[in-house]
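Next come two complexes built around chain A: one with chain B, the other with chain C.
And then the complex of A and B:
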């Protein structure tokens, strides 16, 4: 137990390291170099471009998170973040919309991961069907605005784009309602049983969405819904885009499309900020403490007067609510959704974000979302391009069947296994969880915790005499 | 399947027989304990499940006599019933064999081996590889079909069993004392790794990951082995159904003997009751856990090989649904309970086969809802009777 007191010191060391001026300087310089690289270097054909890009993208996107961790005054932090997210990011996005896309996806998945973090990280309920709530939000917006002839189409009328922000609110409540619907029956289940039931629930939702095209067409089945509406584009967005483009001498082919992406970027960032705010306020609130109590020991929490049912339902509902809101944004941004957007792998990748970053730690979860999304969207495809370049240059022949871009599930699987084996608390562990895992590991005399025998024994323990 | 339950129980209709000294002596012989009793159990489960579902489907037919125009559900049922029962038995045995893997591991480690569905997949893929290899030797036509099936199933069972042991050593053993969700997450990761590694190997070697069994066009696989006549209707029984049923029964008998009749089986049962105490009693805990994983993996792999022979076409992604259904079966029967896994597997297989047979005639629903109904059963069982049909409810000790 002596190790526990030593723990915070180490953490402080790590923080100190980060706060040394030289480190801050290096990070700042790396950020600027990467930003210039992403904005200016457009020579895709050069041999080492994918590799350089593969290194530059994560540095560029993770830098704002480093700024948040720095030990500087709050106003300086906010100023730096506003410059990074509000100025540099849009400029680079206008120069190359791919990075804007990555930024939007990172914000969307960070929001989703934070929602799942409430259920898994705060309340300790492993939910493998989280993507179902995401689907609820996405389909809620899509069925009303898509020109596909579903049952929601009455005389060719679709919901106007102005309803977007109202629909986000409806998505929040709709998904929360579905969350409670799922939560009610599974309240009694624990641990791995809960995981399997939520997994089954996610698959049921996906299959329902896929099959509800006949006899009454609700969701257009496997074909999916195209032409999903988007919120009206404010006039100044296009002006902003063209101004930036002309100021930096960037040639923009299609300012409307980029302005639309910029709008989604702003919406996603604002939503993410709201979610971060809600999460951090929830975490230390009485509700958050109740969730932690449930996570640590359900029976003890009950004995201490924590209303289990209400708190678990609240966890499910608030996690689902975030997913619902983000689903609306996602459907509107993608303009096309189909059941395959909501497969189990999607739930698992969101779970991987939570785990990689550190369950329960908001900053960690955002870091995890960044890492997984960037690996998915940038690193793997860049690696494929790099191998391709090597092959064209005749340096290294890797068969096309082994292209890294095709092995996203393998990478997720490896990340999950390696993290669980070597750093089960995540990259940025929540303090209490880290202590718990450390204490267990470093106490060699500890006997295995006594598991209740439950119903699960290979032997029928009842003897005839007892009957 | 423990020896205790073999003792005559209670007084009842059969008590004059069961309490007679001859019967008691007979019930202690190996023949009864390892052959007659488990066979009777399987028989009772199969007949019970078939009867139950037949009654339910006739009730449905009574309620909806004509779900589609010009189709009388009762006549359709009369025609299809034997076929549905036979396919239900064969798919049910496949589920039961997979479910045994879940249940054995859960019984010993109290942990849901999420990667087991991928072990099943590896079994079917390795059966494909073995059959392709035999085919390249010209053995498909030349060898005796029985030898072919036995070699394929046995080899893929051993391969899958070894893989399961390897996975346990690498991924689960270091986490044995971690919180319960940690190994579950590792298992999810392992299952994705297995899928993609198999896909990589398949696409590197034959440039495609859609694997069609070379046996699919053999005459003895394609043509029905026997044709039964019930009244005016003919029922053709597929060879693979018979292979699955025979192989499954042999393996289940072997498992029953192993768990109840050997020293290692006693060791595994002891560990499932109390790991620490079993270790103190001199039972090699790690070895026994590896053995459990080997047996579970071998059953999953053999089920995969049989499934592949039956379907004739596999991909690295086939494991998910059979795995989930087998898990449903294990939970339905009472996870951790071997007899329960058998009962659950047969029930789920029968339910699926009957649903497939009946839902066709309901245009508003259709067979695409079969999987949803299976999941519905899983969720309902977990909610209303988490300990399953044969499991005993034990309150949590604090």
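And then the complex of A and C:
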């Protein structure tokens, strides 16, 4: 029992640390410094620029998550978040669209990871084919808007950009339906078997998409679909872009393109917020408890009246629904998708986000998505640039073959291995899992072993005297 | 009869785990099902609760047939249970464990969960309140926020009982509820079982090996051996039934016809 009392105290200390005004001040200052750096420093040729950028980007993007964790009033939190995400981020995005791109990617992958978290983290069903639902959403929108000569184009079954938001809703239900289709045959499977079947399912969807170009061309096969439609750009987005640009003296070459990216940023952030809201409401409800019960002990959950089939299908469907919506946004933003956008590795990296962040914990999963996406898009390439700068300056000669950006899978592998060694429950573990791992470490016999009593006790020692 | 089981049969491959068992459970009674290890007692519970499908026979509960129902439907129909090897949701809190038990009694819809009308909040409040009450009833007041896996063994048994009661059952099946308990804990458990019947009005059926508990609490006992029912009756009748003694101690011991000698025999 001592372990149980010790642990939350430690956690509380950590929380207290975070809540000290000085810490909040340091975080705030670091955020402002990073923001100014990202917006203002334009001398990319300076020797240390990539390194500074490499440090500034994660701080800048993770700061909103720290704000959410601070012990301040709800309204202050919301106000800070609105300023950070609704004002500072767009300004920096206009100044340097690369960061807008990172923000969009982080939002998209955080949304995907949260969807997968419902299936894997809440209900405990290991799904390695999650990207298939993402593909369903993406192709749903792409086939109806791409100018490629598919059967849809030839017959004039096309949709205007205005249909985008309706298509997000259709993507939600379409992907949920496919989720149920996947769920039905795998209901009886658990653990490794389920993982293998879902992995196969992901590949089946990818192969279908790849080969549905003949005899009737639905998806244009391996060539993919280009020119995927976008929602119409509202006029004020361009106005907003040029206003910011002139206010901060930023030279903008192509305001339309940046305004378009800004629009996708807003769409992605709003979608992510909706997903976070839905996730937390699902988690804290009879449905969420039923999922956790299934994860913990299927038979007991069933015997306690949890309808396994319905609850598992609901988990698959809700996880898939998020991916469907995000798929529509992703296809529209990328304007080009092909089957290679939805490979197994993509499923695995989404799963890695869930695991690194902390399975089951919404904040943790978002953190995981941020870390993996930022390492992928910013940290590694910056490190490569830094080495490049050193080489050009003649300070350190690292052969180009050893550029960190080329070792992305290796780095991800390393991150996962280190995580499993030092923080197996993730960076921000779900409360219960943290307690669980702690208890296991210090008390290997937390659950008593079952030892049925001897049958011979039937004849009670007191019986002979009584009779 | 609240529960009427007729000619229930279940085989696993060549092994006939339950053969032709007929048992009736009176409403508002406390009964026990006893028998040596491997007699088919737990299989019998699993057949009643829909975890296994019987090969033949009928199960009638409260006037309705339970055959073909899934375990969650059996639970909804009013039979709840605990497990021989404790099966809690270890990484959920004690309170959450009990809250899961109420699943069949709740109005669960995806839209209500996401939209959260006021009725959702009221239901959650009710669930929380009822789970807290149940924890107090089984003697675990104040432990609701601990992880269930961190509680000691005896408390875990109590959580299972609270969780089983959460579905407002008419009948509760307890599978070896005092296994691994010391005499004092067993004593407390027995008074809890009586309270379940007397205060909550739930009919209790238990599988039990501890004869102090069986003889001390049950009004009616059924004895299984090799999947067959070999005896039934009051504790006194069972205690003196030669077939029962034979089943437990073997032929020679019962051949002498004396319980006292049988006891000596087992000690030897």
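What we mean here is this: the second predicted complex is superposed on the first by the 438 of 467 C-alpha atoms of A that agree within 3 Å, B and C clash if a C-alpha of one lies under 4 Å from a C-alpha of the other, contacts with A are read in each partner's own complex, and residues count from 1 in each chain.
One rule holds for everything that comes next: a residue touches a chain if its C-beta (ideal position, glycine included) is under 8 Å from a C-beta of that chain, and two chains touch if they have at least 3 such contacts.
Given the structure is predicted, the values throughout are model-derived calculations rather than measurements.
Colleague: Answer with first, second, both or neither: which of chain B and chain C does A:160 touch in the superposed model?
Modeller: neither
Colleague: Return first, second, both or neither, reflecting whether A:227 touches chain B, chain C, both chains, or no partner chain.
Modeller: Neither: A:227 stays clear of chain B and chain C.
Colleague: What is the contact status of A:239 with respect to chain B (first) and chain C (second): first, second, both, or neither?
Modeller: neither
Colleague: Have a look and say if chain B or chain C is in touch with more residues of chain A.
Modeller: B
Colleague: After the superposition on A, what does A:299 contact: first (chain B), second (chain C), both or neither?
Modeller: Both partners.
Colleague: After the superposition on A, what does A:287 contact: first (chain B), second (chain C), both or neither?
Modeller: second
Colleague: Residues on chain A in contact with chain B in one complex and with chain C in the other?
Modeller: Dual-contact residues (chain A): 299, 436, 446-448, 450-461, 463-464, 467.
Colleague: Under the stated contact criterion, what part of chain A meets chain B in this complex?
Modeller: 124, 126, 128, 185-186, 188-189, 191-193, 195-197, 199-201, 203-204, 207-208, 210-211, 214-215, 299, 344-345, 348, 351, 355, 399, 401-402, 407, 409-410, 412-417, 420-421, 424, 436-437, 440, 446-464, 467
Colleague: Residues of chain C touching chain A in their complex?
Modeller: It is residues 34, 36-37, 49, 51, 70-72, 75-76, 80-81, 83-93, 96, 99-104, 106, 108, 110, 113-114, 116, 120, 124, 127, 146-147, 149-150, 153, 163-164, 166-167, 176, 179-180, 209-212, 215, 239-240, 244-245, 248-249, 259-260, 262-263, 266 of chain C that touch chain A.
Colleague: Which bits of chain A are touching chain C when the two form their complex?
Modeller: Touch residues, chain A against chain C: 1, 4, 278, 281-282, 285-287, 289-290, 292-293, 296-297, 299-308, 314, 318, 432-433, 435-436, 439, 446-448, 450-461, 463-464, 467.
Colleague: Inside the complex, what are the residues of chain B that reach chain A?
Modeller: For chain B paired with chain A, touching residues are 1-2, 4-5, 7, 9-10, 104, 106-108, 110-112, 171, 174-186, 188-193, 195-197, 200, 203-204, 207, 259, 268-269, 272-273, 275-276, 320, 324, 327, 331, 334-338, 363-364, 366, 368-369, 371-372, 375-376, 378-379, 382-383, 386-388, 391-398.
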